[in-house]
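This is the structure I have questions about; it appears just below.
The first chain written gets the first letter, and so on, giving A, B, C, D and E; residue counts start at 1 in each chain.
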Amino acid sequence: MKRLRKRCRTFLEGFLLINLIWLTAHFLFHITVIPNPIDVYRNSGTLIADRIGIHILYSLWRIAAGLALSLLVGVPVGMLMGYSVRANRILYPLIYFSYPIPKTALLPVAMLLWGMRDGSKIAIIFLIIVFQVIVSVRDGIGQIDPVMYLVTVSAGATRAQIVRHVALPAILPELLTSVRISLGTALSILFFVEGYGTKYGMGYYILDAWSRIDYTGMYLGILVISVIGFALLAGVDLLSDRLCVWSRKQQE
Amino acid sequence: MKRLRKRCRTFLEGFLLINLIWLTAHFLFHITVIPNPIDVYRNSGTLIADRIGIHILYSLWRIAAGLALSLLVGVPVGMLMGYSVRANRILYPLIYFSYPIPKTALLPVAMLLWGMRDGSKIAIIFLIIVFQVIVSVRDGIGQIDPVMYLVTVSAGATRAQIVRHVALPAILPELLTSVRISLGTALSILFFVEGYGTKYGMGYYILDAWSRIDYTGMYLGILVISVIGFALLAGVDLLSDRLCVWSRKQQE
Amino acid sequence: ACSSGGAGTSSGQSAQASSAKASSEGEKPVIRLGMMSSSDVIPFALINRNKLDEKYGFTLDLQVFTSAKDRDAALQAGEIDGVLTDYVGVCMYRNAGLDVRITGITDGDYLLLAGKNTGIKNLSQIKGKSIAISQNTLIEYALDRILEKNQMQPADVKKEVVSRIPDRLELLRNNKIDLVLLPEPFATLALDDGAVELSSANTIGLYPAVSAFTGKVLEKEGRAIRNLYQAYNEAVDYMNSTDLSEYESTVIDAVGYPKEMNGKIKLKKFRRSKLPPKEDVEDAIQWASAKGLCKSDLSYDSMIDDVAS
Amino acid sequence: MLSVDRLCVGYRTKKANIPVVRDLSFCMESERVLAILGPSGCGKSTLIGSLAGTVPIKSGTMTVFENGNPEPLSPKTHRIGVIPQNLGLLPWKTVRDNCLLPLRLRREPVTEERRKEIREIWQALDLMPLLDRYPTQLSGGQAQRAAVARAFILRPDLLLMDEPFSALDEITRQDARELFLSLWKRRPAVAILVTHSIEEALYLGHSVFVMGKREGKILLKTENPFFGVSDPRQPEYRQIRRLLRGRLRPDEEEDE
Amino acid sequence: MLSVDRLCVGYRTKKANIPVVRDLSFCMESERVLAILGPSGCGKSTLIGSLAGTVPIKSGTMTVFENGNPEPLSPKTHRIGVIPQNLGLLPWKTVRDNCLLPLRLRREPVTEERRKEIREIWQALDLMPLLDRYPTQLSGGQAQRAAVARAFILRPDLLLMDEPFSALDEITRQDARELFLSLWKRRPAVAILVTHSIEEALYLGHSVFVMGKREGKILLKTENPFFGVSDPRQPEYRQIRRLLRGRLRPDEEEDE
């Protein structure tokens, strides 16, 4: 309870700070692309008229699906690469080759294979995040202290058990970092993937406002995405506090 | 020397594998958006005619500048947040708020503030990468074993010395992971930032081909970007082997 | 910002919903048309608004894209049946081996504008000035033709590639660029902001915007598409004979004007759909082939399909 | 019975190969404790690691004979309890979970009787108030006691202990030794104890080996009649002790 | 002279506050070694951490008197050499760099004479062949010797040693003790030695404290006339030893 209240305060402080910076920028540069935040807030009624909730839900669903898929695929693949020299030999070049491919350039292929609706959207979010997850899991595995295996291996642990009791908890902090980074990335990609085949989603909302040069709407959308992002990231932090009690002391 | 040769072999194997997958996809789906790789290679002469070298150099310069800036800003800020409770209190909400803002939506602002040329391009690459660096450095600092400080603090180390001898080397593996991830991200963003104010860069090359619906050219461009990306990522791995000799055993 | 209330009829999702309903009633074919917000869209939006599609026995599913690349990707993927595009676009489709044929003209203008602080008042002053355009598109084509009509070379201005249209407008507004060539609604916005109109595509007799469908769809749904053009013509008649205030909200939504423009919008007379003139298309082919966007032996006849008559 | 035959182990770093143990052979009868002494860096922990299955061996065999049937030593088939030199407590598990981990890994049911035994072990090692702590919240000796408890709780067939009592204070250490003896007597297993204390080796080992610095060669193997004898005053005891101490002198090793 | 006055130290976890040391006061004259004995978990390492400046103290003062001037103990003004219980070698530095780190941190010039001394220390601790290894490539004893060398190389004013010889085999340990004595005699400093061995405490401490389990209370402070005496056979020695052993018995502590 107390922690929640603390987070709320952090949130408010950050919110104020951001707005202060924004206001300063507005008066400093005096260009239409940086509107006065007060004007923007005065217009916030349109958010309700635009039924922003639906947009948020659509975006959240796409992010959740993309992120979940990435973790489902990325964590096992990263572990495989971290542990098996043979798997690494095969996957390493594959990953390193396909990682830098601009996934957005594969949009036509994605649309063909998964359609113009959520399929291709989630596929692109997945393609962008999964590599980040793979790389960080693989690197994380390499940092595990070998003594950790001595106790488990000697007790006859199976591979699955080693993953469960050693590898997963050991890389958990890094994995959560990677989730945090991926969330940030996913939120930014929204903006790209929601530019087609939909009328819903925060990305669409902002893009739509942008293309009609409705900067107030655009900034409102950006604000909403910021707040959502903050909530998601802070959620990961809470989760991290929960899951990594053992290293909590170090986190203080 | 031997290691270099090994890397080259890895590279070739990966290259072959990717092409095999590509060829399979081509024959499987049989659609124009997935051209036959052999046709693409047959056309590779155009790369020279298009003076691909210049495009590559431009892109590399932009990535290098953006990445360097991100590290220069992100590492100190991440450390500050990791060490100072007060700095964290102020920066944490700021970071968490601005991280999810789709940086690409700020393109108009960036163009007006830093011009249409490399300034705004580098600014956007920077804005996208710097948060990833900050988050991973901050999280990395939290994972350092407290004993590491016992020896240095008791010997009267200054803050700068602790950073130099403890914090930096301790987070180096994570930092390199973060650089790997950032490189991947930067290469993908090229595709976005090189869509305006320039006639050079790999992103421009691909975008241009795409908008001309010249899929051969587009795939050639993607191939080139893949190869560059592979080289950059493998370069980071080499660097990582150099800098983290001490954990090399664990990496094998 | 987003489509609200009554304009929901033009949204992809609701059209889909109604098509699902329609297919359960009778066999109404669905025409999926990809487009980007511009004034060309108005008659199509009106077809939906005035329920002309029901009247003519088809369902129109308007898919709005925010970039031409996405629209093209959807066309490639078979996610849409036809597009609102232009001569140059069709040339490129053909060059890429896509069987896309022009089936009618649409109305849209492209205005050459100078920034309010540049001091440029007429075309004679634009030599050596910078201009924000997109490359290998009808925008560049229109620019080149405007220049030629006024005894200048394409190289006489400094072309700056800026792929997103709103960014071009913003650059002009903030004096980062001297000239732009803009479609609606951006042109109106720029004029509103003090920009000076120097010329336009329509002024020199250039009407490059068209609607086009893939050959496969034309074969299969030829009837429905013919009906579409009948509905289109009815919508155009309605526009030309009705006071704008009656359908202004539809226009604002379809074209993407900011809401503040309510009451300030002016529309020219729209033309009924027909096939584009041969020499215009051939001129565009010539321009595109000189740029390497298509082969010069592309013929007018292979590019059009007279589905409407 | 455990038999180790011509075991070769070493480490490979990028720069060089570091051979540690070469052609090590020994054999132990069932229900016996072997104490190993040796100078720092001679390869004792490496040997323990090989037996536990984590340090890869280069050549040689490690076999367990049960009722005359030879079977290669393997953590899958045999219960191996280990107390590593640096304890190897998992930082993300509480003391309780760390102690119960081997049982969970082997999916052994914890019967009421077993539960009682576990409780006793914890009590004897004074771990009861610490069960919910994480390893980072323990003192050095507390962590070592947790590692000792973990090994005993498994009821191992083969018990490998690498300086298990080094961080304990003298009293606790004496208690721990006696606890070891009593647990071991209740359920005698093949046990290998690496220690730096000659007294400890003589108190807890049926036989004592002295490992040499060079290639982990065993310089001395001696049977020890004083296993479990708490205050031996026989002159023979002092003799063995002197013998061991002499063998541990590095200068004498040079002569070999 | 070092004076510790009413020191209170504890740990705070999310769940609870764990008080460790309360109202601890003692004082040491210059050029003296204090040996601290105590049961596992009584707060010895915590005390060392507080003196070294990493475990934050709750209240109390730690003061150094030099020529009568009191100055709060601080790593910035005083040279503090530490051998932590878990060694604290930086994994990313070779043994050589780890050993020289305190000098580098203090920006002390390494003169020829100094270099010779460093070499001697390394040689005495048998570290010469290991200087280019990384800590993960060392055995337990080797790592401990490296940590010992690091502390000595600094020529500390205050030397804090937390079980510095526990992972060493008996011979090396004896050598290390003598090395400590000789280095200390050459450059006597205030030194605190935490150990589990009563013999070691009596050999290396001018005075010996026994810390109790409850709140780190000092149960016994005794002067020790046998500092540096290698084989004391006086009955008095045995008497002190018995006294210490008695004080270390946990059951007797309960009576307090």
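Here is the rule we go by: a residue touches a chain if its C-beta (ideal position, glycine included) is under 8 Å from a C-beta of that chain, and two chains touch if they have at least 3 such contacts.
Here is each chain with its UniProt name: A, B = Putative aliphatic sulfonates transport permease protein SsuC; D, E = Taurine import ATP-binding protein TauB.
Quick caveat: nothing in here was measured; it's all calculated off a predicted structure.
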Task: Chains in simultaneous contact with chain A and chain C - done: B
Open item on the list: Starting at chain A, how many touching-chain steps does it take at least to reach chain D?
Closed with: 1
- [ ] Would you mind checking which pair of chains has the most C-beta pairs in contact?
- [x] A-B
- [ ] Have a look at where chain A meets chain B and say same if over half of the interface residue numbers show up on both copies, different if under half do.
- [x] same
- [ ] Would you mind pulling out the distance in Å between where the CA atoms of chain A average out and where those of chain E do?
- [x] 48
TODO: Report the inter-chain centroid distance for chain A and chain B in whole angstrom, where each centroid is the mean of the CA atoms.
DONE: 17
Open item on the list: Report the inter-centroid distance (CA atoms only) between chain B and chain C in whole Å.
Closed with: 38
- [ ] Provide the list of chain D residues touching at least two other chains, using ranges where the numbers run on.
- [x] 13, 86, 137
Open item on the list: Can you list every residue of chain B that touches 2 or more other chains, as numbers and ranges?
Closed with: 31, 33, 108, 112, 146, 210, 245, 247, 249-250
Task: Multi-partner residues of chain C (each touching 2 or more other chains) - done: 69, 72-73, 76-77, 166, 170, 174
TODO: Would you tell me which residues of chain B are touching chain E in their complex?
DONE: 146-158, 161, 165-166, 169-170, 172, 244-247, 249-250
Task: In the complex, chain B residues that touch chain C - done: 31-33, 107-108, 111-112, 115-116, 195-199, 204, 207-208, 210-215
Open item on the list: Looking at the complex, which residues from chain B come into contact with chain A?
Closed with: 10-11, 13-15, 17-18, 29, 31, 33-34, 89-90, 92-94, 96-105, 108-109, 112-113, 128, 131-132, 135-136, 139-140, 142-144, 146, 173-174, 176-177, 180-181, 183-185, 187-188, 190-192, 203, 206, 210, 218, 222, 225-230, 232-234, 247, 250-251
Task: Complex contact set, residues of chain E against chain B - done: 49, 52-54, 75-82, 84, 86-93, 101-102, 105-106, 134-137, 150, 154, 160
Open item on the list: Give the list of chain C residues in touch with chain B in this complex.
Closed with: 68-69, 72-73, 76-77, 92-93, 95-98, 134-137, 160-164, 166-167, 170-171, 174, 176-177, 293
